[in-house]
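We call the chains A, B, C and D, going by the order they appear; numbering starts again at 1 in every chain.
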């Protein structure tokens, strides 16, 4: 069997991922980010582990200690999830952890809601969709999950969404931003149509676009477009808009890929 | 057609397998025999977006593509070529569109065959249009339209019929981003296989009726999605160990097409096809360093190891300095084939195969397991459990883990901690799975009916 | 620098030559050693037309290109890469533009080298801007600007300096479309060499001063023009036998760069470089099946036989399904290199070389003569007459004819009647040429001053 | 030395050019096309051989026989050259033969002119150029040579020709067509400028464009553009315009590549 010696490998290939792996384990890194308060830390840990039952248990302890269920969302669940997001951004943990943590956190939010009649206010709404004619929705699903994980209310219109339906949803939900995903060169042109109809109706909502077929140059051909390369960029864009408003120039400058 | 499960290996050992040759070659098109001792370039292409507006515009675009490609083949002296047209939606939703394209392409190919003697065949890959906006709709009206598209394309000149079928994808999509091994196995191995059984019996009948070739499927919708989410070495969306487990399971699934009457060549993007070739002996198409126009992977050479057709996956038709894209890419593929054929004719095919495979073997866990020697072992695990589509999927996954563990132990396959952890989790998940198909299905039905809102069990007959 | 003509072969025999290794490796850039036992992808690219408007737009474009390419290298785990920037006019005519691009690119490459340890180097190929609209203007002001461009680029980060110099092209252009062997030989072998002597002494000095590498030239302007006019198998513009004679002569010409102080790696589009490697032992870059984006040729595998860098020649920067063009092509090249390096590390480089070379050997007279075994013989003919640039050019052409005749005789190289006639004519023309350089120059001067209106002898010192 | 048997070759490569070579030799094919008249045939043969001296000799015989020197251009030289062009079009002979024959024919024309004070009228004029910024002129040279070979008066502006100079030349020479060659994606845009200035000045001359970088789609984006793939197409286009006028629709239809 043809083979070579281990020491010969590095003229053939280099596993940069192995070279680059952080010396800290994810658990160690998480440990440094957890809140100090032991009860809050328990929530964060349960979210990090993606254990829904543990999240509920930890919330129960806080509720028993008299905490307000709605405040717990902002003070326990979202900060817990923020630990996970931070680790993902740093490349220490991978997407499935985020997805499972987000599921656990959302479960926690639902649980808190059952404990009160108040309606919690999300930090902002985002409408997500996949371009008309396109069924590639994995990227969009990731985008939606990361946004939820960051505390946004997500209106997920699904895939292959007709232009008018997108525009209507924006009119109805008045989101901080709209996101679009397109994986095919044939479908991404729908973004332009969406843009023009939004502008026509005076709905000047930043329109973050991404997905395999899409690039910055194309996205900047329509007035509301801002390009994002990675799913996590959608979260950054949404947060940036919440903080700095929706001036397209500053937005584009901030998220220029090059 | 009836379904005949594979329970034995077509090849007595891994070393017997190499490129350009398969146990059961397939005659197709104009003078071609695929897997008969020579490798053939398979060119794929996508029309430019604006040509999708009408049947006429599409036909003209495919005529340009066909003529350009055939011309280049002649200019460089390549003896043979396969053209693959992957339908854009319109062509499958309106079966007469796809058929018109097939006819136009075949007419040009016949010209070249007559004038120069170029051996060639035309593959049409019908789009799997069996879905409504939010749900898969695998059986019913859309299926009828799809089958009509197969029939009309075959009548109008398509020599090889293929599809990238999507059964099981709704459960898979949910599971893969949650490291949910059971869901991945259920989506690919159980639901996917069930749908393949259904789809491919029909396609095989149509092929037989029209005297063309029922060529084969690929688990693009699932295993390739996993591979893409996993991405390059520095991407952080999915462990590459998870992606290769999904891939091994997909071999147990895609194999079912050949059990339902397909004869190969299996489709290019089925990275599971080395495993399947080992079991079924069919010729296969593969893609790798010649398909960087379409996607990036971490095994650009290795996939060439046992290919019979060598493909570029897909490239949009447009101009480059060296001609149109189809000309550029078909030329690169043709030279790769020329190298393989030279090796075959001089008796050096095994050393070339080994060099190709070795150059990627330690690059990534995916390449490691798909190295033909390891792929053969995965094949054995599947064949040993061939009758039960659940158990063979599980066996494929287990064998995959075993191979990875031994690679780690041997010291040359160096994984990140993250990849190793994902592997450990999968091993544990697999251990926790029941030994009986019925039980597994029951568990999964409960779970995914509850968790996956778009999952409709009536799409499948389990 | 002084000129030292080669009169001996660097390699004792043809079999000693193979890819990835040269007699005299060259250290360059960030951790690279070229020709030191491993093959390296060399990526070439062209900015999109609209970015030529300003220095800023060009710098941004090259930054994108550089970052995209380096990213892909890391994603697939390739250990090394060379980037080649072929100047667009503006960058050489305004030396600060080219220098700004070099600086921007090198900065990014340094980042990647530091973060990941990627070995890499940057080649800048300055445009040969030494011409007025209708005439070559090889000496004088334009030459000064060009040398300034070399100097500034070297200062700002270019590790390898190259040019595709154009001396002799006015006579060549006239002669090649008239089957005028003497004119071809005069244009390439005498005028071309004279210009190379002039240009490369200067470049070598600049390289030395800046501690970078004087990398080498190519006879793109002439031998490649002949190859392009000759085109594919069915083109009718020039006999491929004529094209290969021009190519062999060009080896005698391009060699002069190394005699004037260049050390390699010779530039990719110099198909004469296998011959030169045999004589001078320098590392070389080559292009072939990985450069179909830029042009088509009839020896896509063969050129890999002895390459040290493996190049795509040039691709315009734009998007494809698989990423940007630079990402797609550098990935394909990197896999080809991975295959070569695997062969090198396992001691199988000679069999892989032989397969590559054999697969194209009989495709065309050009490949037949450039097959490393025959190329070596052409090298011997040049070295045996090394001191006299006319005689060595003539010897190269004669040896080329001899090789072709023996190929025809042996029966496997089958030429068209047309190619055979062209060959016969060339043989006769060569026989009719004088034995002395002086006499030949005198004859040619008279003839071409009269016939070629744009020929200005003052461009050359003969 | 690694090698294979001759019979193994055809799975590796096929020399289609060898397969396709016409059974007739060029000389045989030429023989069939020569004029019957022995004196005219002598001119045609001399042109075919590219022998300038023989052309002069053959012309002398015709002149001695009392033929009019100007008529000889149309009746002896151009028909002689037409044999060569026909063989080239059929793929029986190659470009260098055409170039050398054309040189011989042009020499013949010059010679005829010395025998009279009349000024011969070319069948039409064509202005040729290489796009501004582009020095790749081999394709243009071939185009010009083939046009001359077909009896056109060629005004060759050379390479890297400024837009205004092209327009001026068209204004001055009133050619049947203008040709443009561009080998670089950066330079072909000059054609659009040329076109627009021509239109502006009412100079509606068909503008045949070709060369490596150029394709039909691009050429048809400007109103006077007609695309040609091979150099010989320039000749066909020029002849077509002489015969059928310069209606762009019919012209484009006739020379549609696909």
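Just so it is clear, contacts are C-beta pairs under 8 Å (C-beta built on N, C-alpha and C of every residue); 3 or more make two chains touch, one makes a residue touch a chain.
Remember, it's a predicted structure, so these values are computed and weren't measured experimentally.
If each chain is reduced to the centroid of its CA atoms, subunit A and subunit D end up 63 Å from each other. Rounded to a whole number, the gap between the C-alpha centres of subunit C and subunit D is 32 angstrom. Centre to centre, using the average C-alpha position, subunit B and subunit C are separated by 40 Å. Each chain gets one centre point, the mean of its Cα atoms, and the points for subunit A and subunit C are 50 Å apart.
In subunit C, the residues that reach two or more other chains under the touch definition are 46, 74, 77, 233-234, 316, 321, 338, 341-342, 346, 348, 351, 355, 358-360, 363-364. The multi-chain contact residues of subunit A, meaning those touching 2 or more other chains, are 2-4, 12-13, 15-16, 20, 185.
Taken as a contact graph, with one node per protein chain and an edge wherever two chains touch, the assembly fits none of the named shapes, being neither a line, a ring, a star nor a complete graph. Per the contact rule defined earlier, chains pair up in contact as A-B, A-C, B-C, B-D, C-D. Of all the residues in subunit C, the ones that touch subunit D in their complex are 46, 49, 52, 88-89, 131, 133-134, 173, 177-179, 225, 229, 233-234, 236-239, 242, 316, 351, 354-355, 358-360, 362-364, 373, 411-412, 414-418. By the touch criterion given at the top, residues 46, 72, 74-77, 231-235, 288-296, 298, 300-301, 314-316, 320-323, 327-329, 331-332, 334-336, 338-339, 341-343, 346, 348, 351-352, 355-356, 358-360, 363-364 of subunit B touch subunit C in their complex.
Residues 37-38, 60, 63-64, 67, 74, 77-79, 115-117, 319, 321, 338, 341-342, 344-346, 348 of subunit C touch subunit A in their complex. Remark: subunit A residues 2-4, 8, 10-16, 19-20, 185, 212-213, 215, 258 touch subunit C in the complex. Against subunit B, the residues of subunit A that register as touching in their complex are 1-4, 6, 9, 12-13, 15-18, 20-21, 25-26, 88, 91, 93-97, 99-100, 103, 133, 135, 137-138, 141-142, 145, 158-161, 185-186, 189.
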